[in-house]
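As structure tokens, here come the structures.
There are two complexes below, and they share chain A, which is joined by chain B in the first and by chain C in the second.
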Partner chain A sequence: MAAQEIPPVAATATATARRPRRSAQKFPILIVAPALVLMTLLIAYPVAESVHISLGSWDGIGSVTYRGLANYRRLMNDSLVRQSIVTSLVFFVGTVVFTVVIATLLANAINRKVPGARFFKTIWFLPVIVPVSVAGVFWSNSFQPSTGVVNTVLGSLGLGDGHAWLASPTTALIVTIFVAVWTQTGYAMLILLGAMDTISPEVHEAATLDGVSEAGRLFRITLPNIVPMLGTVTTLMSVFAFNAFGIIYAMTRGGPGNATSILPVLVYKQSFVDQDYGYGSATAVVTTLIVGVIGVVVLQLFRQQRLDAR
Partner chain B sequence: MTAPTTPAWRAKTWTADMAAGTRRHGRLRRRGPLWYLGYLLLLVWTLITIVPFLSMLLLSLHPTADIYAHPLGLSGRWMLSNYYTAWRGTVGGAPLPTYIGNSLLITLCSLAIGVTCGSLAGYGMARATRALSGVVSRIMVLALSIPLIVALIPTFELLGRYRLLNSVLGISLVYAAFMTPTIALIMRSVFAAVPRELLEAAKIDGCGEFAALLRVVLPISKGGFISVSMLGLIFVWSEVQFGVVLLTRPQNRTLSVGLLSFQGQFVSDQGAFFAGLTIATFPIVILFLIFQRYVTSGITLGALK
Partner chain C sequence: MRAFNTSKAARRAAVLLAAASILSACGTGPGASSGDGKSLRVQIPAGPMADRMQQVGNDFEKANPGTKVTFESVDSNSSRGPNVALLSSTATPDIGYLQRSTGVWSALLKNKQLTPIDDVWDAAGLADKYAKSQTAYYTTNGHHYGVLYEELLIAPIYYNKAAFAKAGIPDPADHQVASVAEFESMAAKLKAAGYEGFGVGGSSPYDLGHTLDALLPTAVSESDYQAMLTNFKPGSPTNVKYTDPGFVKVLRTIQDWQKKGIFQKGMLGMDTTQAQALFSSGRLAMLQGGNYSYADLKAAKPSFDMGWFLLPPLTKGRKTPFNAFNGDTFVIPAKAANPGLAKKFLKFFMTDKYQVSVVAASGSLPVFTSIQPSRLSNLGDLVQQQFEVSKSVGLVNIWDSTVPSTLGQSFAVPVLQKLVSGKLTPQQAAQQFQTGLENLQSGKVSGATD
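Let's turn to the complex of A and B:
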């Protein structure tokens, strides 16, 4: 990009053009530096230090006592950790699949300009800006057995009004997945809509003339064109889902029992409730590795798809 | 969402269209039963998204007894005193205005740090050679994909070491660091759209790099700054995971963290509970409605590499 700044005269002689380019690099490096320093101190250092703490025991004060891989060995035999990994995966798959599918359909509706599209775009995004703790306490209040609005509505439809949604392990997880989908879908929708808007309207018009139905166009035109962005959104939503501490903490604190303790909640409990920071760090490191593997798999999956589409 | 595709229909559309000689095919699209079913589902999703906002607002205007009697909030006695109760009552150790003040202060402070660092980095990326820009943007994307939980315990240790727990500066630095990669990536796209000729003209006028940035680039990138500030505001207003750990004293908590103890506090006073939620939600909703264009463009820009 710096090449464009070189005056036209110098551009004819490559030897003289090189020099200004190198000195022009100083300014960008200088102004990128503050961000990199901030991120090194508060992202890179903590991540590295997490690995350090996970290799020992630390009670929150003083220094870390080195214990080698003891924490990781303990992790392998901890049924709570195993349960939490399964819970996280269920939560992750449920949240990401529903979010991406619903977001794609919503974005497609806006892109195809259904009646009221502009209004829908605003309304559907609103849950994203609600603080997660508000969303959490509101919905957990709504799902209460005798007082919640959800049971009132179900009762009036004749579907029974006595469900104790958040007291049963299965329904509690389903409800938290629902709330996570509720808060994330608008975000994914906007990103996908951005990608869909880059598809030329002529392509759709030509297909309409050839008699391709709405559904046919979604599968044959829209989806193949947004495959790379679907990959990005899926990765982003996966990171969100593995960070969904706020929703779970606001709604259930990880309960009933440990039914909704996804990994971040477990890390919080191990470290800040049990004061076992070394063990908590080991769980956090394992969480990161799982997220990393999922991210690579998702991106690979979508890369494959794009090649097939060609 | 499909239309019947019988040959007869197709032929009809085609001829009608040719005759009209317009490009308004959308008007001629036939809507089958499946289209209406799809539209109905869109309306259901609309209800699911909007009902919490309406119900929060409606229920905040009723006494608790009426809320239990009419959970949809459409009838019963109407009153405003719930707002007074929610505003004056202590929630989890501090009154609501304290949390709101803390949230505002932390938002301003973290935006000042995050937007400065992030947009400088974005400008650097827009001006650097492709190789350097690529390296920096890869670092930013990597930082975005790390699950932040892994940084939680060491951050707690780090801030504790420098006595920055329960302080505005401490948590603002943390939030600023988290929002920096997003801001940098968005601002890079914004700055890349600034015409080169303007920069060259500024240089001819004798402006240095910094002067050109301040006097030429910043004024025309105002929209980008509103975008990233709104996204940063939404992030800080909502963040809980680090807030819970780094702000342990009630009087230092942000609104989002304070609200976590809301349900237990107002379990018997549902009216005040909903009034508190409304106070926490609607200012940011109104702000979003005002700046919607910028939020939308920010999210789209951030995703398109």
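Let's turn to the complex of A and C:
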């Protein structure tokens, strides 16, 4: 055993090692201190301040007038907030499920060296580097009924060329989910590809010799081996989906009506358009709690999967 | 060799870091004001006027040797909300831009973040040059806190003359269409001739509201319309309601136009720029715009001549007036570094000369009543016509930008979108407006007391 190979003298020396000097003990703390200070300033303080503002009324200037839980009570009875929560959840589920599934399939195909793998890897990653506002304007134009490329393509396939995608509350939400998936899939794919690359090729070769099909290898070898990274990717995509303000605002501004008004869009409108920062902050606090709960649930789900895989 | 003292080094690093943070916070980086009485930062809205304002800056620098004027543009979305943070901070420009109808004005005024500029008004003679309603709109407790520098005419409908000719529709006489039935018949003929009908940027935060604005003064009596412009204030007479037949008729008309296919296909998913592009391409026959749209439409070099008219009245026999937006405002924030120089600049700018050479040349209308249409050949032919017609058919203050945004534009457009998409009946939408009004009157939502 490795422990028995340690020479007795060395073992004794290790056991009786001098305690580090007090300054040396402090050094790690000092090293992380600047980061801690910055995190406190840039994250903890704004979050605490948002909670503070959510407990009052504030028009963006001067001091907050304390109103207790009035904003939260108003929020409970606000049908617009309820609608936004539902919209956010639909958007979240649609975006995360499609992104992770498509990214996994693409990463697997590239990992299995399908013809043109490198080319497709680049193509699928390109949307990630396109600024969100540019992507929003591009797709908004593409989904226009009489001038958009989407209807032109559908028309040439005999699937009708008169769809008013962004004008209908139902299809507008579907389109925004599609664009969010388009922008995020490349990123998820790249992370999952990195995880798949760590699986030894011999394992796949052995499975092939045993007659395991491509699909069988994906479900029995690849997926069990990348469960931790799938958890990370799903958590990241969940957070991205819940905070997808840019795409929505660039494409629909939350409309038509409030059909695509996910919670961050609603927070923007309440705070910056209506100048009701107290109410906007209360909605932001609730949004943060929802994202937090979803994050914890997703991580727990994948933790359980990981334990089961062992 | 001397041992490296980690503890001491870390302490030094921490002190340096803290010092750097404090210095950066106190620094005079880009955007900070110097307060030297010589350099002036002027915020202007992004758009066609930005280039011409540069000339005003050059003229001011020549007239005041040693001064330096810098212009900073603010986009439309920021100017309607987030700009309040900048204008109330110590990094504020010396002159800020805002729209009088937005919460930015209310918040700054309520928190005493605007410098009174009665002396600018006196020196420039603004009370005599503005219309009485404009002066009243810009007077708070007997004082003035901003200058209105341009007027916009809302909702002229631009049309493709070739499309009208092809559909056999004569040019609307006196820029008026007699009735809704006639307008709907025009749209039907245009569709039969292969064009999309009436274009509105339905996903933009204001365009659909302008349709309501254009129809409303023709659907209710003059006194009811005036009441609607002011009855959000606590203590105002409240006998006029948004559930009254006139307002409901406007909502029903808008919904009908969607059902009858009068609007262009996909109107709710198309913003103003996209609707303009559809019109310029020749596919859309009619486009709702403003006097400010004409420059963009001409710049797109359409292959057809354009005309314009006003939407039909909802009450038989009435003429449709023009809606005027009086809200584009320059203010001097209370924390401006050079308020004296800012006042000097505003006095310099608010003259007939710049009303013609800057405001009119940018496609907007001058606000001084003394300036006659004949002096405005640089407006462009159609806008000059609009200006002339506005003198005869009359001007009304635009509803959705006169009432606070919590009832006006930011509230109204999503309600109208739901109405058009069939999620609300006209009565339900009207009730939402009435509830919005009551929320303002009771103080449940802010904006009623500015």
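Just so we're on the same page, the second predicted complex is superposed on the first by the 277 of 310 C-alpha atoms of A that agree within 3 Å, B and C clash if a C-alpha of one lies under 4 Å from a C-alpha of the other, contacts with A are read in each partner's own complex, and residues count from 1 in each chain.
Everything that follows uses one rule, which is that a contact is a pair of C-beta atoms (placed from the backbone, for glycine too) under 8 Å apart; a residue touches a chain by one contact, two chains touch by 3 or more.
Keep in mind that this is a model prediction, so the values were computed, not measured.
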item	value
Partner chain(s) touched by A:Phe91 [first = chain B, second = chain C, both, neither]	neither
Which superposed partner A:Pro131 touches (first chain B, second chain C, both, neither)	first
Which of chain B and chain C A:Gly255 touches, first, second, both or neither	second
Partner chain(s) touched by A:Asp276 [first = chain B, second = chain C, both, neither]	second
Touched partner set for A:Asn141, first chain B, second chain C, both or neither	both
Chain B versus chain C as contact partner of A:Leu263, first or second or both or neither	first
Partner chain(s) touched by A:Pro34 [first = chain B, second = chain C, both, neither]	both
Chain B versus chain C, judged by how many residues of chain A each one touches	B
Partner chain(s) touched by A:Phe302 [first = chain B, second = chain C, both, neither]	neither
Touched partner set for A:Ala164, first chain B, second chain C, both or neither	second
Shared chain A contacts, counted only where both chain B and chain C touch the same residue	24, 27, 30-31, 34, 60, 140-141, 147, 271-272
Residues of chain B touching chain A in the complex	1-5, 7, 9-10, 13-14, 17, 23, 25-26, 29, 34-35, 38-39, 41-42, 45-46, 48-50, 52-53, 55-56, 67-68, 71-72, 113, 116-118, 120-121, 123-130, 132-133, 136, 139, 143-158, 173-174, 176-178, 180-181, 184, 196, 199-200, 209, 234, 237-241, 244-245, 255-257, 259-260, 262-263, 270, 273, 277, 280-281, 284-285, 288-289, 292, 295-296, 299-300, 303-304
Contact set on chain C toward chain A in their complex	5-7, 10-11, 13-14, 17, 80-82, 84-85, 88, 103-104, 106-108, 110-111, 113, 196, 202-205, 264-271, 274, 277-278, 281, 283, 405-406, 410, 413-415, 417-418, 420-421, 423, 445-447
Of chain A, residues touching chain B in the complex	1-5, 21, 24-25, 27-32, 34-36, 38-39, 41-47, 49-50, 53, 58, 60, 102, 105-106, 109, 113-115, 120-142, 147-149, 152, 182, 186-187, 190-191, 193-195, 205, 208-209, 211-216, 218, 229, 232-233, 235-236, 239, 242-243, 245-246, 249-250, 263-264, 267-268, 271-272, 277, 280-281, 284-285, 287-288, 291, 295
Partner chain C, residues of chain A touching it in the complex	23-24, 26-27, 30-31, 33-34, 37, 57, 59-62, 140-141, 143-147, 162, 164-169, 172, 252-259, 269, 271-276
